[in-house]
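Two complexes, one shared chain (chain A), two partners (chain B, chain C).
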Partner chain A sequence: MPDQLLFAIEVTLNGLMAGVLYALVALGFVLIFKASGIFNYAQGVMALFAALTLVGIMEGQVPFEHLINATFGTEIHGFGWEVPALLAILLTMVTMVLFAWLVNWLVLRHLVGQEPIILFMATIGLAYFLEGFGDMMWGSDIKALDVGLPQGINSWIDETTLDLFGYGFFIDNLDIAATIIAAILVAVLVAFSQYTKQGRALRAVADDHQAALSVGISLNFIWVLTWSIAGFVALVAGIMWGTKSGVQFSLSLIALKALPVLMLGGFTSIPGAIVGGLIIGVGEKLFEFLVGPLVGGATENWFAYVLALIFLVFRPQGLFGERIIERV
Partner chain B sequence: MKDTADSHVTEDGRTIGGTLLDLRGITLRFGGVEAIKNISFDIRQGEIRAIIGPNGAGKSSMLNVISGFYNPQEGEVWFRGEKRPAMKPFQVARSGVARTFQNIALFDGMSVLDNIMTGRLNDMHAGLVAQMIWKGKAEREEVENRARVERIIDFLEIQHIRKTPVGRLPYGLKKRVELARALAAEPDLLLLDEPMAGMNVEEKEDMSRYILDVNDEMGTTIALIEHDMGVVMDISDRVVVMDYGRKIGDGTPDEVRNNPQVIDAYLGVAHD
Partner chain C sequence: MKKILTTLALGATLAAGPALAELTFPSLSYRTGPYAANGIPFADGYADYFAMLNARDGGIGGERVNLIECETGYNTEKGVECYEATKGEGALLYQPLSTGITYQLIPRVSADGIPMHTLGYGRTSASNGKVFPWVFNYPATYWDGASVAIKYLLDENGGSLEGKKIALVYHNSAYGKEPIRTLSELATEHGFELIELPVDHPGQEQKSQWLQIRRERPDNVLMWGWGVMNQVAVQEAANIRYPMDQFIGIWWSGSENDVKPAGDGADGYKALNFHAVGSDFELYDDLEEHVWSQGNAAGAGDQGGTVLYNRGLYAAMIAAEAARKAQEIHGVSAITPAQMRDGLEQLEMTEESMAELGLAGFGPTFSASCENHGGSGKAAINQWNAGEGRWEVLTDYIQSDQELIARLVEEDSMAYAQENNIELACQ
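Let's look at the complex of A and B:
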């Protein structure tokens, strides 16, 4: 096989795995948008906050350490224990559910029936609040996250491809793990939404609020549930991204990559979020590989947005979108 | 069965029991508009109770009060002999009150079957994981619920559209699916907001028959709003007449028909 083709295949595989992450973040958006018509600007920051909380709990940090020390003149530096990854993930999930409940109780409950743009503004406020709150709670330094996911080059793939093609593919174990986890997550979400009472209620609310109320579904419960699931998806995305590049502010910016994914996949389609994420992931890597050298590189910064723009012009409802996006 | 203080038997052999729902001095305002003005009436166990009146009389508002979509500023709602606290619509639904809407509220993205199944959501109690992997109690519940839903589908003769997405159905069938979903909850009180609006004569006859059959065979108490006087007089046991938010008549179809105020309202000027 010619080298160019092998490189291209390798790039495609890596792109697919980057796409998985975009898809996950986009999924968080879609879930909330479907159930409540809210475009949740804070989805990216939720991933950051979840990752921060996870690291904080694992390392035994005392929440609001700085604040407590500054206010009371104390010298607290952590609890002095470490929490195992699995337990810490559970505790973080509890935190995200609590967060979901608070958002509904303190903010969204009071905005029922408001214009979508008002709800959108509210989530912008929420995003900045959560960013500052996360910093205050856990500190703003860059943190390494290691929950025990495998990392580094997968030597089996490297050796096998070397034997077969005379060229070893570089595939990161973390990317493989991320892909598997994301696939499981999606499968669980689908099973949840298709087969459980709560999932059916969620689909009902996404379809028609009045009708949902009339069959005895509590909208508040469903909204807390969706935000909790979105929090869970954010946590998974946060773990993957945080393991790869450390837990830091830039993590919240992956949300910006989710935007073109949503334009491709449609704001209301779960399969759309997944396929859209993969297309953007592969597209931007391949484009950089093929066209990047001709135009001086750095195409990954804009490729996704241009692709989204083209889609907006020719197919504004996205690949699988159910209706024209008129809410954002 | 013999008549007692609390119940009596109708000419067609159905038993009407004691009071199921009692509305006392209900007043509902929207800003300055009084949609319902100090209205009281009751609905008895097993009866078909109609609410009629010209457009804008406050009929839908009344149904919305009963189903918890609106909370009245004044008055009390008594249900099964107890005063009901202010409730959310979903709580009222869970207490055994199902309803349909004047403008049809269905889940357009779901099939007919899935729509009707949502009526049974509150009768599912199995654990989350059990539901996802379809095991034990979850499976039994699902099978049982499906069987009940299939009976309703047969009852309303909508087998042929079971798998059709509701959004694609014609108006008359949508109305029937909405009724099916309400029935799936096996309610004690069924509220129908203009179940025959926009239907042709044949469809109206079908719907009337379904309503009578539901009442007769399932023993469901029904309160319905209807414009078509003929239909109302045919199927209801007692009728409340509203006009401009006030109650202007209440009684059997015959009593109401001969009530001068009602005749005024229906033959007067302000009509659709």
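Let's look at the complex of A and C:
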């Protein structure tokens, strides 16, 4: 097989894997938009906050340590224990549920019935607040995150492809883990929404708020539930991206990677987020491989948006989004 | 009652406001945003040094230092706002810690007559004092960095890089593009192939670049990165099993922040530096005694001894010594920005002067002049020891190719002078 073709296959496979990571971020947006019509600007910061909380708990960090020391002149430097990753993940999930409840109690319930743009603005405020709050709570240094996920080249794929084609493909173990976890996550989400009472209530609210209210579904409960699930998805995305680059404040910028995915896949479709992520991942990587060298490289960021815009022109609701029908 | 309240308000304002006849140094810092993890240690080091001078010596030459911090978030527009907001406070010297902000401030500081020090960053050709009389970028510039890296590689390869491939992974910004010109010249001179690999901000996704490195198998990789781009690059290099001792970062890609997230995978990674690492200096005793133990440490007080904290200390030390020089030249303690510029221009850092300051061997020796605002152009190579969790100094300070750099600086700065109708100084 010609070298260029082998390289293109390798790039495509890596694009698919990168797409899964983008889709993980986009999923959080979709869940909240679907249930409440809110475009949650804070989704990226939620991933950051979840990852910061996870590392903080794992390392036995005292929340607001710097603030306490500065205010009271104390010399607190952690609890002096370490928490196993699994327990820390569970505790972080509890924190994200608490966060969801607070968001609903302090912000959203006061904005019921407001225009979507008002709700969007509220999430912008929430994003900046949460970023500063996370900074005060856990500090802004870069933290290594190790929950036991494998990283580095997958030797089996490398050796097998080397034997077959004379060129060993690079696939990152972390990307493989992310793909498996994303698949499980989507399966669980689909099962939850199809086969549980709460899931059906969530879908009912997504279809029609007023009708759902009229049959006794609590909007408050559904919103807390949705934001909790989005918080959980944010935690998963935070773990994946945080393992890759360390947990740091630029983690919140992963939201930028989700926007073209949403434009392409639609804001209301879980399969759309997955397929959109894969198309963006493969598209940007292949474009960079084929065209990048001719135009000086660094095409990925803008090409993802070009690709999304092309889809948008032909399908404004996205690939899997609900069709917009206006009747007079 | 109204009178009492007015008096109280006035009193409070006076108490809160800066005392007269202070030496004002604005610090355009970034303690928030995606680059905060790097901005914080630098800002802490910068602030702690001045706090130590105030506490230990009563300031510089009898004048207390007034440090004004302004948060830029590493955002160029905010940086310019900070400049405009603080320049009227009697600012003596700006230190923007961002090449983007530097480019925006160069015409402003030149028009306002306020000096700016861009310690190892900013516009390289600003080292030509004839064209940029208000800008200083010693002790070394990006072009020095590129030249030192290639000189080091020449040494490592028996004096020849003929036929070698060297990849440059760079932040796709004014900062990241700075070394390309020098490296292109050096590639022609030494016969190596330069592969340019730009990474878009912020740099969290670099799979394409590292797959290309894996395919092309360059002999060495150089990196001009900042923030998350560094951590991801080091991790990706480890992932593709690129030999870390063949991977060299510029000094802004060589802090603990850049290597720790990759754990053992980062072991052996190299980076340039123009100052010492660690806290084994007499000055640290003074910091402990006069600042930290008094509860006056900047920030959380937990950055001492890190690479970027030391860089902040070094920047503040240079600013303080230039102010001292200005006081000496003009025979006044309350110096003006123009007098501060004279101090910067006649600054000389020797082994003796650094030892007197409790920083023996901390940086390269250099002396500035009206023409030379770029210093000696020396840098050392450090290597990360993941087991010990510290940077180790591999080489002495290596002198950059001064002939080449001087020619490039002259070409670039004179073109700038022509475009902007600048009358040359130092005539």
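One rule holds for everything that comes next: the second predicted complex is superposed on the first by the 322 of 328 C-alpha atoms of A that agree within 3 Å, B and C clash if a C-alpha of one lies under 4 Å from a C-alpha of the other, contacts with A are read in each partner's own complex, and residues count from 1 in each chain.
Assume contacts are C-beta pairs under 8 Å (C-beta built on N, C-alpha and C of every residue); 3 or more make two chains touch, one makes a residue touch a chain.
It should be emphasised that the depicted structure is a prediction, and the values quoted were computed from it without experimental measurement.
Chemist: Decide which partner touches more residues of chain A, taking chain B and chain C as the two options.
Modeler: Comparing touch counts on chain A for chain B and chain C gives C.
Chemist: Where does A:Gly73 make contact in the superposed view: on chain B (first), on chain C (second), on both, or on neither?
Modeler: second
Chemist: Once chain A of both complexes is superposed, is A:Lys244 in touch with chain B (first), chain C (second), both, or neither?
Modeler: After superposition on chain A, A:Lys244 lies in contact with chain C alone.
Chemist: Just to be sure I read the superposition right, which of the two partners does A:Val188 touch: chain B = first, chain C = second, or both, or neither?
Modeler: first
Chemist: Scan A:Ala18 for contacts with chain B and chain C and give back first, second, both or neither.
Modeler: second
Chemist: Which residues form the common part of the chain A surface touched by chain B and by chain C?
Modeler: none
Chemist: Over in the complex, which chain B residues touch chain A? Could you list them?
Modeler: 67, 69, 88-91, 93-94, 98-101, 105-110, 114, 117-119, 121-122, 124, 126, 128, 131-134, 181-182, 185
Chemist: What residues of chain A sit close enough to touch chain C in their complex?
Modeler: Its residues touching chain C are 7, 10-11, 14, 18, 66, 69-70, 73, 131-132, 135, 139-146, 151-153, 170, 172, 241, 244-246, 248-254, 257, 285, 288-289, 292, 296-298, 300-301.
Chemist: Where on chain A is chain B touching in the complex?
Modeler: Residues in contact with chain B: 188, 191-192, 195-198, 200-201, 203-204, 206-208, 210-219, 322.
Chemist: Can you list the residues on chain C that touch chain A in the complex?
Modeler: These residues of chain C touch chain A: 31-37, 40, 172, 196-202, 204-205, 207-209, 211, 214-215, 227-228, 231-232, 235, 238-241, 257, 260-261, 263, 265, 295, 300.
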